[in-house]
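Structure provided below as structure tokens; questions to follow.
Every chain is named by a letter (A, B, C and D) in the order it is written, and numbering of its residues begins at 1.
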Amino acid sequence: MTTDSKRIINVGVLGATGTVGQRFLILLSNHPNFKLIKIGASKRSSNQTYQSIVKWKQTVPIPQDFQDLVVSECDPKEFDGCEIIFSGLDSDVSEEIETKFRLKDFPVFSNSKSFRRDGLCPLVVPLVNPDHLHQIPYQRSQLTSPSYPITKGFIVTNANCSTTGLVVVLKALESSFGPIEKVRMTTFQAISGGGYPGVSSLDILDNVIPYIEGEEEKIQWETQKILGNLSTDQTEIILRSNELQTSCNHTKTNRIDISVTTTRVPVLDGHLSDVSVSFKNKPIPSIDEIQQVLKSYRTDANSLQCFSAPQFPIFVHHQIDRPQPRLDRYFQNGSGINIGRIRKCEVLDIKFIILTNNVSIGAATSSIMNAELTVAKGLI
Amino acid sequence: MTTDSKRIINVGVLGATGTVGQRFLILLSNHPNFKLIKIGASKRSSNQTYQSIVKWKQTVPIPQDFQDLVVSECDPKEFDGCEIIFSGLDSDVSEEIETKFRLKDFPVFSNSKSFRRDGLCPLVVPLVNPDHLHQIPYQRSQLTSPSYPITKGFIVTNANCSTTGLVVVLKALESSFGPIEKVRMTTFQAISGGGYPGVSSLDILDNVIPYIEGEEEKIQWETQKILGNLSTDQTEIILRSNELQTSCNHTKTNRIDISVTTTRVPVLDGHLSDVSVSFKNKPIPSIDEIQQVLKSYRTDANSLQCFSAPQFPIFVHHQIDRPQPRLDRYFQNGSGINIGRIRKCEVLDIKFIILTNNVSIGAATSSIMNAELTVAKGLI
Amino acid sequence: MTTDSKRIINVGVLGATGTVGQRFLILLSNHPNFKLIKIGASKRSSNQTYQSIVKWKQTVPIPQDFQDLVVSECDPKEFDGCEIIFSGLDSDVSEEIETKFRLKDFPVFSNSKSFRRDGLCPLVVPLVNPDHLHQIPYQRSQLTSPSYPITKGFIVTNANCSTTGLVVVLKALESSFGPIEKVRMTTFQAISGGGYPGVSSLDILDNVIPYIEGEEEKIQWETQKILGNLSTDQTEIILRSNELQTSCNHTKTNRIDISVTTTRVPVLDGHLSDVSVSFKNKPIPSIDEIQQVLKSYRTDANSLQCFSAPQFPIFVHHQIDRPQPRLDRYFQNGSGINIGRIRKCEVLDIKFIILTNNVSIGAATSSIMNAELTVAKGLI
Amino acid sequence: MTTDSKRIINVGVLGATGTVGQRFLILLSNHPNFKLIKIGASKRSSNQTYQSIVKWKQTVPIPQDFQDLVVSECDPKEFDGCEIIFSGLDSDVSEEIETKFRLKDFPVFSNSKSFRRDGLCPLVVPLVNPDHLHQIPYQRSQLTSPSYPITKGFIVTNANCSTTGLVVVLKALESSFGPIEKVRMTTFQAISGGGYPGVSSLDILDNVIPYIEGEEEKIQWETQKILGNLSTDQTEIILRSNELQTSCNHTKTNRIDISVTTTRVPVLDGHLSDVSVSFKNKPIPSIDEIQQVLKSYRTDANSLQCFSAPQFPIFVHHQIDRPQPRLDRYFQNGSGINIGRIRKCEVLDIKFIILTNNVSIGAATSSIMNAELTVAKGLI
């Protein structure tokens, strides 16, 4: 939004009553450029005011301006006038509905898993691979048709909340120290990552659940795509391979082996991870060099002065017992990654603790920052 | 206690009002051979009844028989008639007091860290290395003197609560598949591991603390000793080396590299760990073979029919989301190790989840089982 | 079971896979007289072994004997040979199914709310009003018919988990000090009271929910019936009236005014309540007298030597900060009531804290004790 | 601050490293009139920067401007230039230190209990009894002396965190409906009310503690003073009496009987209370009238346009399960009172749920608002 920072863009939110949808409304209520004009939810909620049907679960009240917005069905014809669609739809309906919106030439920023593995859809963590957004023109070119011409529409997704923190740190490390070869990660994931009602209190109070369905595979796969390269003709993301992708067409160089265990802990918001990594290049950098590189890591979101970009994409903690979910998850409004305890690993090269706010940069904030980047890059 | 299973042995407990001390009383109230006759606490509590001074925090009431026992100072002369001393003393006083009791020829089973690295004191996890108890005669021979002849006294310690689960599993694996080379472990430790009052509720509610002082070093070091071999002359434990012990006199074979991250989670009892290991020998065993070996692992505590020995030293869970602290920590009265999610690791060879009841097999139960083993082996 | 204590009675459990059903299995696995031979669940679970279909959530494993019991549909013809039926069915199906079992002449002990307000069904808290069981013959006489003769069948219910503790204490007080006139109660109810999955972790972690649907009315109403008298002809329970029952046919004497606020707190098991009461008779008893009366309170369940009866129906705590859910809920296996902080109230006469184990005496334990009483009274 | 809203006043904070002290710093970092220039802590912390010695526990970072402020001892001579002193000192040192500051002619706003019962010190809840501030001149007149002339100094205290919510609601009710006669309150208090480290996690996780030392007496006593009247000569607060104050010199009219049970629950911030009250005047108002009165309640803090005053001193919730600590404690930045579930009581007249943010309006926010009021009233 560099050249045209005062431009106001009308936007709509799909799945506005859900957990991610509620976050979209809070973030948009303070946004200088994005003006929320339409909100969509299920058919049975339509034609009623937002506040009369939402089961609001946020710690701030419903933004004043949106309380009496009338809810629409998630049908493209109801969203006329929106230049951007943010989708917080659940994965059981997102594929069908988001496809319809794209077909009707809407740019869609999706939070669901439906299109993450789609070869035409960029999977973008805004602090990592905004360059993948340049695949958008190719997506349009492949889907346009005489009956449904697509000149503005596309689908861009963001990553699983537990992938997000990892890839930001790996990207920063690779930028300065070359390829990462191995990653061993153990997550401590917050209950809000499971949606609402999600995790039963009887399952998680005074407990840890050492398994989250599908989560380990998601992290292992998505990392390969996000850290992959956009082909020079901007038509394809070349995956970083590991054994999960043996059938994919990719170059065998710079493979990353990733081993993840995901767990659920009795924490409301904020995914913590314990991570070990090894570098391809030796000798490995010193802990000081690593801290320096992570601290000074900046992204397109910074240089393009995106409104939602954190001042410090990666904040390096020096207190030995930080980051902690409860103390650090709201720092920088949850839009940056926290890291601490960076030290030598006796098995791989180095190890450290990451904290990612799963409901902010791990979800709605990523979508909004992706939209800001897409606008700033002239792709909307 | 095979040959003489009805023998009654009088015992005393030091530090009886603390967390570990309270557990000793519960366990001893049901013990067929060990009869608690003396309880020791700080000087200001002495000469009062146990129930009048203890801040009892267990979910069962104070055992009827012990409520009115009069508390003594932790002075050897008060413990006449005790053949075994169990110590739940804090590490700030344990070294001095336990040394005094040994000097007065009492066998002492200690829970504190004071003597774990002492070259004369066996560090025994009863489900792993009861053969190390045979170092006891050498310990006596080195400390006896004309003025203080030691014929029965010694100090035996058990491991840190978070070490215990790991070494049981590693021992079972090594017994069948040869040396383990690398271990990467992330712990989720219960608050009871921090003693009372220990962790402030303001620090841990809705939170994870990714650091416990001194804990990572303890696990890395203790594992080297517990999995080490007693020298053939029964005078020395030959440590398994890693970079922490470069100055130790040990053979360089069968080194284990161990990398640990320890964290505190809002769980009352039960330490969970996520562990990856690699084997020296290739090809590595199949998951089925590993499960079979862990299931059928039995120890001296079983063959010597120790009262406190779990039927299954290692219980293998097959439900994909188990073990869990709240559901599995009391299984077998907390005296065995729980394991689950055994699967291939993309970085090392295999990975799995361990659960250890830190207040049972991780503490008082280990001491009592060590005492049972020592009696059964004729060393008391 | 005084005269015939070795008699073995075959029993069945309906709703065996639910929370209450699982508790029934644990309690019955240790019962000297009741032998579980049939377990019922939903149609889709039938003809499979119990362990293959249950989502077991208890801290002890499935009782060995019941793991491979084959599950039946909840159809009376599948339960031939059962002399007693325990029902843990949810209230959405309990009315229909329990009615069918009674019609086929089975004695049914129900945990659901369906028949609590039924004029023919005793609502029995075993530590309070076992004499109401003598309404059973009248119930049979009203429902028998030539086509469906009822000679053994009936339905007896037990109270809502949060009512149970209150009425035990009120009954003990009234027995010695005459009518209670006013009750003001605030509850702190455990999440297990809401069933599984029940309360979302996102709603209750770091929170209190000051409302539970329908719960305040249940406590206020059920108390009137449980503390009511069986008419001399044993045909009717004469309610203690309050404004909720203005249309009931009851005497206007000894009305109790009850005001309740029910809340949910992040506690797994154990309902705590803060209660103030006032007496009709003045002067009111001293705190010492009250403590003495509560301590020495005994019931039919004691005198008839029911297996599940607690030694102390009401246990009086003297530590100023007790009872507490986590420390006291399992005392006496959860079969008694805990009370503490008995003191003068500045507004009513006295106030105190009650703790009731909602999954034990508040649910399955009550049903089983009711069955023991019914057998002991010769009504089965 | 109506007439002179741009006046900048230099202030100091005593006990700046404690829980309340940290809140003062956050609030002052955004204050338009109060400029923090001095921070005091214990002697061993003095002469070091604030960030080097504080164990910061807030969810926002240390305000940028204060990170490098050098900490002083809590000695009046270090606080030259401060026109107002805010004290977050613990009660074990507050009496001595705050007295010294007053003697040196500093206005002191104290959070501790030391001076709440002092006949010369106003006990002011800013949303209730700011008129009591007019006792300040009399306080000065009684304490001034030739050697220590007091022309500006005084001590004003605010209430216990659990008293605050109650008195705001009672005041609003009495303003419209006449005297309250009886109050029965049960509290659910957050762990932050116990300071740091305060409540052990082993005591409160999965638990409720039905007792907080001294808390019930504080609420019962403080309410009598806060709702009392300043005598017409502005020299004395005339207490509202109950049996606790039989020795006080007060009029016997409009006595309030207050019965309180205080408990601790596993909630981080936000004290919830269940309250029943009865009115002296009959007939009692309708629920609608009561809601209307509470909603429209405004205070001097509003009319004097105090910066920290909440727009709605009492916010009336209409959702049946609100207010809840986690969802509502930060509303209006924690500076107002939340109320819900206002309904008839079967024992007293009405009952309702109150939520007060104990670390905001229950502590530091009250002090700051009291200071704003004192300035606005021309008393500083």
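As a working rule, contacts are C-beta pairs under 8 Å (C-beta built on N, C-alpha and C of every residue); 3 or more make two chains touch, one makes a residue touch a chain.
The chain lineup, named per UniProt: A, B, C, D = Aspartate-semialdehyde dehydrogenase.
Note that the structure is a prediction, hence the values are computed from the model and not measured.
Participant: Have a look at C-D versus B-C and report the one with more C-beta pairs in contact.
Facilitator: So, comparing the two chain pairs, more contacts are at C-D.
Participant: Select the chain at the greatest separation from chain B, using centres from the mean of Cα atoms.
Facilitator: Here the answer is chain D, farthest from chain B.
Participant: Centroid of chain A to centroid of chain C, CA atoms only: how many Å?
Facilitator: Averaging C-alpha atoms per chain gives centres 50 Å apart.
Participant: Return the distance between the CA-based centres of chain C and chain D, expressed in whole Å.
Facilitator: Each chain's C-alpha centroid was found; their separation is 44 Å.
Participant: For chain C, give me the residues that contact two or more of the other chains.
Facilitator: Within chain C, the residues that touch at least two other chains are 57, 205-206, 266, 268, 326-327.
Participant: Quick check: in the complex, which residue numbers of chain C touch chain B?
Facilitator: 57-61, 205-206, 268, 326-327, 329-331
Participant: Any idea which chain D residues touch chain C in the complex?
Facilitator: 182-184, 186, 188, 205-211, 220, 242-243, 257-259, 261, 263, 265-268, 272, 274, 276, 320-327, 340-341, 345-348, 351, 353
Participant: Show which residues of chain C lie in contact with chain A when the two form their complex.
Facilitator: Residues 57, 191-192, 196-206, 266, 268 of chain C touch chain A in their complex.
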